[in-house]
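Presented sequentially are two complexes of chain A, the first with chain B as partner and the second with chain C.
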Partner chain A sequence: MADAMVRLERCAKHYGAAQALFETDLSVAAGEFVTLLGPSGSGKTTILNLIAGTVMPTAGRVHIEGRDVTGMPVEKRGLGMVFQNYALMPHMTVFENVAFPLRVRRVPEAEIRRRVGEVLDLVRLPGLAARKPRQLSGGQQQRVALARCIVYNPPLILMDEPLGALDKKLREQMQLEIRRLHAALGVTMIYVTHDQEEALTMSDRIVLLNHGRIEQAGTPDEIYFRPRTVFAAGFLGDSSMLDATVSASGAPGRVTLSDGSALAAARCDLPAGARAKAILRPENVSLLRDAGTGHDAAVEGRLIDSIVLGSVVKHHVEIAGGTVIAQELNRRDRAAVRPGDRVRVGWRAEDLLVLAAPD
Partner chain B sequence: MRSRHVALFLAPSLLLMAAVFLVPLGQMAATSVDGAALSARAYEELAASTLFRRVLANTFEISLGSMLATLLLGYPIAYHLSRVPPARRAIYMVMVLLPFWTSILVKSFAFTVILGEQGIVNSLLRFAFGPTAALPLLFNRTGAIVGMVHYLLPFMVFPILVSLLAQGSDLHKAARVMGAGRTRIFLRVTLPLSLPGVLAGCVMTLVLSLGSFVTPELLGGRKDLMMANLVDFYTRVSLDWGVSSAIAVILLVLTGMLIVALARLPGEHKLI
Partner chain C sequence: MPRQSLLTIAAAWACYAFLIAPSLIVIPMSFNNSSELIFPPTTFSLRLYREFVGGADWMSATRQSFLVASLTTAVSVAVGIPAAYALARADFPGRRLLGMVLLAPMLVPTIAVALGLYLYFSSLGLSGSTLALVLGHSILTVPFVMVIAMASLRHIDANLEVAAKVMGAGQMTVFRRVVLPLLAPAAVAGALFAFLISFDEVVVAWFVSGIGTATLPVKMYSAIHWEVSPVLPVVSTLLTGLSLVVCTAGAALQKKDRADG
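Coming up: the complex of A and B.
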């Protein structure tokens, strides 16, 4: 891949006996916004540090813009990085903080003044140049950190959970802000988060990690609609998972629940007899109030609870093999159902996903 | 409610300080002006005394010299300690603290063995550079300052170490990612952020050395008399308690003024 901004070639990292990252290949195209998503200890920060150069790989090579930078020290790589705790210099003003990388590059004073002013406008922080970081709010500090990062036009910006310390409202606002900067600057961004919503909102591509390995990589839609593993299905979005056994492989396929009832699936790649999880997204499952048409499956179960989440209601229904969540829009005239009621839930065969049960 | 609790917890130590420190201090101040007579005799005598002015100058020269030497030796130690893994740091800290746990008398006598005419240092010098290569290291200013620095080092190392450890490692990482080299990171980030610790260490070592007594007495020469030694002289030899109290008061006031001046140095983090 000639136009790859970053390429990890069979990179691995272990600390003594602890394997932080198993042999991994990863390629990020120029201008792409890639999110490394995973729970803590999944290896996402290790990958970021390998690219930054603050951690050396135990095996494998790191390439940036086509050059092998594996042994190159951090300060020679010319990257940008944004940290969760902002890492602003507390003894410097906002201006001096943003000017720091320019002073390192011996930019003339007049140009420093101009460029710092420009980026502070770009991150919407004009008029705060003389403040010290501790006089700013968390959101403002993170904007300064962004400004300090983009002021020297690095081709690649690494972000290590940059919004982790902010509250929800501010986080959502900053997500859009970072997206806007990404689009405006055309820079490549690699973003680490454990927040699946953040990953879905921001990314061109998500790399999902678990236990030091890439679980699945793809666009947010690919990972959301076509998870390849039970872990991927569980980590992104809500899923109901039913214990099942494959009774017919292929397309269409068929699985059997513990009570012997059969469910049709549009396709099933597992061999007949394999233990599997039948996975349904709540938004694809309906609570059937009447004869209900347009559903390939209609299963009877017992309503455990209905949870109102503002615009939607989630009905937890116990059926053979587990609990299914049926989601519907919260309307004033929705029919009342009570916990304990016998209800029927239905879905279309193509929305039933069959994945191998984890060991 | 809160302030009452605070008062309750502070009361024992405040009472103790009042009884064994403030009361004697007041008595000393009173003695220096001859009690109710409010006589300035002792101060006038001191103002006219060449010996007193020499000793005053000595005291500040030796103290400031020791403070600077302690800073120059202590900063690299603290810097190194801040960068080693915690397990190894604990071992090194014990080594820094070792002189702290040793009696000052024992240390001073040990230095006579090390620095003396036939001491380890001079024996080595003679062995390496011939019989005339010995240096006068004992019973002079060099001896006094060497002993003081050895005693003061932990008081400098620890405040600096604390201010170095308080700096998040992300700051250094961020500076490196932005392209800064080691020298620039040290001068622009590490050093400025450690200044509060440097200042605290300097104040502490200066205050301790201004009042030092045993070390200049045992390791310094006759010309290295310091204020505390002069107080001792007036108390035990010439039995003029008025003058010795006046010296103590002057030392106290000058030390206080110096601390205030140091603490008000312009900078990011104020001590007071």
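Coming up: the complex of A and C.
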């Protein structure tokens, strides 16, 4: 890719016998917002540190803006980075913290004043320049960290779970704030998180990692609607997974549950006879109250429980092969069903995903 | 209050009193108006203090002690702080071994260190010089500065240094602008203790000092041996006072450092 901001070429990292990252290729385009998503120990932070230069790859090359920076020390790379614990200098005021990268670059004092003032306005923190970091709230500290990062216009900003220490409401507010800054500055951002909702909200592209390998990379929609592995389907969004065996491959395909009932799938890429997981998103499964139409499958099962989550209700229904969750809107006139009732659930064939069962 | 805790408190105070009594006894003795060492003193005056201040050899020993202690403090901070930083943050082969070597003087008996230094400096022709005193004392004080600095470094987030580097700061800038300001309270506390240790130290000083370079404790020790000078309680009182002031300042600084960190 000609305009790649970052390119990892067959990068691997191990610590002794522990493999933090298996051989990985990754390319991030200029101006992109890419999220590295995965559970802890999946290698997402290792990738970020390889790009930052705080960790040297055991094998492979790191390119930034077309230059090979593999052996280049951190301070020469000219990147920005935001940390989960903010890493603000406790002995400096907010102003001095934000001015620090400019002072390192020997920017004239008058220009420092102007630019620090500008970015503090940009992150909506005017009037706090004289405070020390410990006099600020967590959200304010993270805004200072953002200001300190964008004040020297790095072309690439790395973020290591920057909102992990904030409560949910503040986190959602800061997600939008970071998106706004990304759009306003046209900067490339690489964002590490283990929070799938955060990844879906913020990213142009998600790189899903597991056990030191890229599991799947794509837009939030691609990964949500077309997960390629059971891990990807399980990590992003809610999924019901049924044990099944492929009975017909191709499009349309068919799987068989343990009780012999057959389910149609819009497509199935696995060979006939393969062990598979049949995957359904709750929002695509309906609780059938009458001879409903528009469903390609209607399976009878036993209602285990109904959980009310404010605007929606999730019905857990036990059928052959596992439990299916059916989601419906929580309406006042919703007909009551009780645990233990025999109910029918239905879905459309294109909403049934068939993926290889993990070993 | 339960009886048991009253008893415990009384026992603790008795122990403290027993430990501190010898230091306190010299204070009334220093105000004695007599040319002999008498306890308890019968008459009070500042005569012995005048004798101390007026005695040329006492004054030169005092000046020598201040000189040696100041130089030792400078050397131990200049060596101890960077050494502590390197041992706490860098990762190089032999790091643990070097750490043990640097801290060893705390564990080896002072008399063994003193004898080694005496033989070593004699062979170098340095024996009896102020330089030998400063180097000898620095060997004893550097570990203290390092231990204090390393304790403080454990409370300083290493991410701060990573952040500074990502922002473009080189290693020297990181040390000067980020690490040193945060280490300052520990450095000052370490300096105070180094000063005090050097000022009070007698064993190494006895071995490596010479006729013209004797420090105050060395002079006191000879005074006990040869003349049992009535000025001794005065010097002891002044030394106790100095130790008290420096220790209190050092403790206050460490407390402040912990509160800030």
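As a working rule, the second predicted complex is superposed on the first by the 359 of 359 C-alpha atoms of A that agree within 3 Å, B and C clash if a C-alpha of one lies under 4 Å from a C-alpha of the other, contacts with A are read in each partner's own complex, and residues count from 1 in each chain.
Methods note: a contact is a pair of C-beta atoms (placed from the backbone, for glycine too) under 8 Å apart; a residue touches a chain by one contact, two chains touch by 3 or more.
Computed from a predicted structure; not experimentally measured.
Considered on the superposed chain A, chain B and chain C are sterically incompatible, since they clash. Looking at the shared chain after the overlay, A:275 reaches neither chain B nor chain C.
Of the two partner chains, neither chain B nor chain C is touched by A:180.
When the two complexes are overlaid on their common chain A, residue A:81 makes contact with chain B and with chain C alike.
In the superposed model, A:148 makes contact with both chain B and chain C. On chain A, the patch touched by chain B and the patch touched by chain C overlap at residues 52, 54, 73-75, 77-81, 83, 85, 87, 89-91, 100-101, 104-105, 148, 152.
By the touch criterion stated above, chain B contacts chain A in their complex at residues 168, 170-171, 173-181, 184, 188-189, 192-193, 268.
Residue ranges on chain C touching chain A, taken from their complex, read 157, 159-160, 162-170, 173, 177-178, 181-182, 260-261. If you check the complex, the residues on chain A that touch chain C are 52, 54, 73-75, 77-81, 83, 85, 87, 89-91, 100-101, 104-105, 148, 152. Against chain B, the residues of chain A that register as touching in their complex are 52, 54, 73-81, 83, 85, 87, 89-91, 100-101, 104-105, 148, 152, 158.
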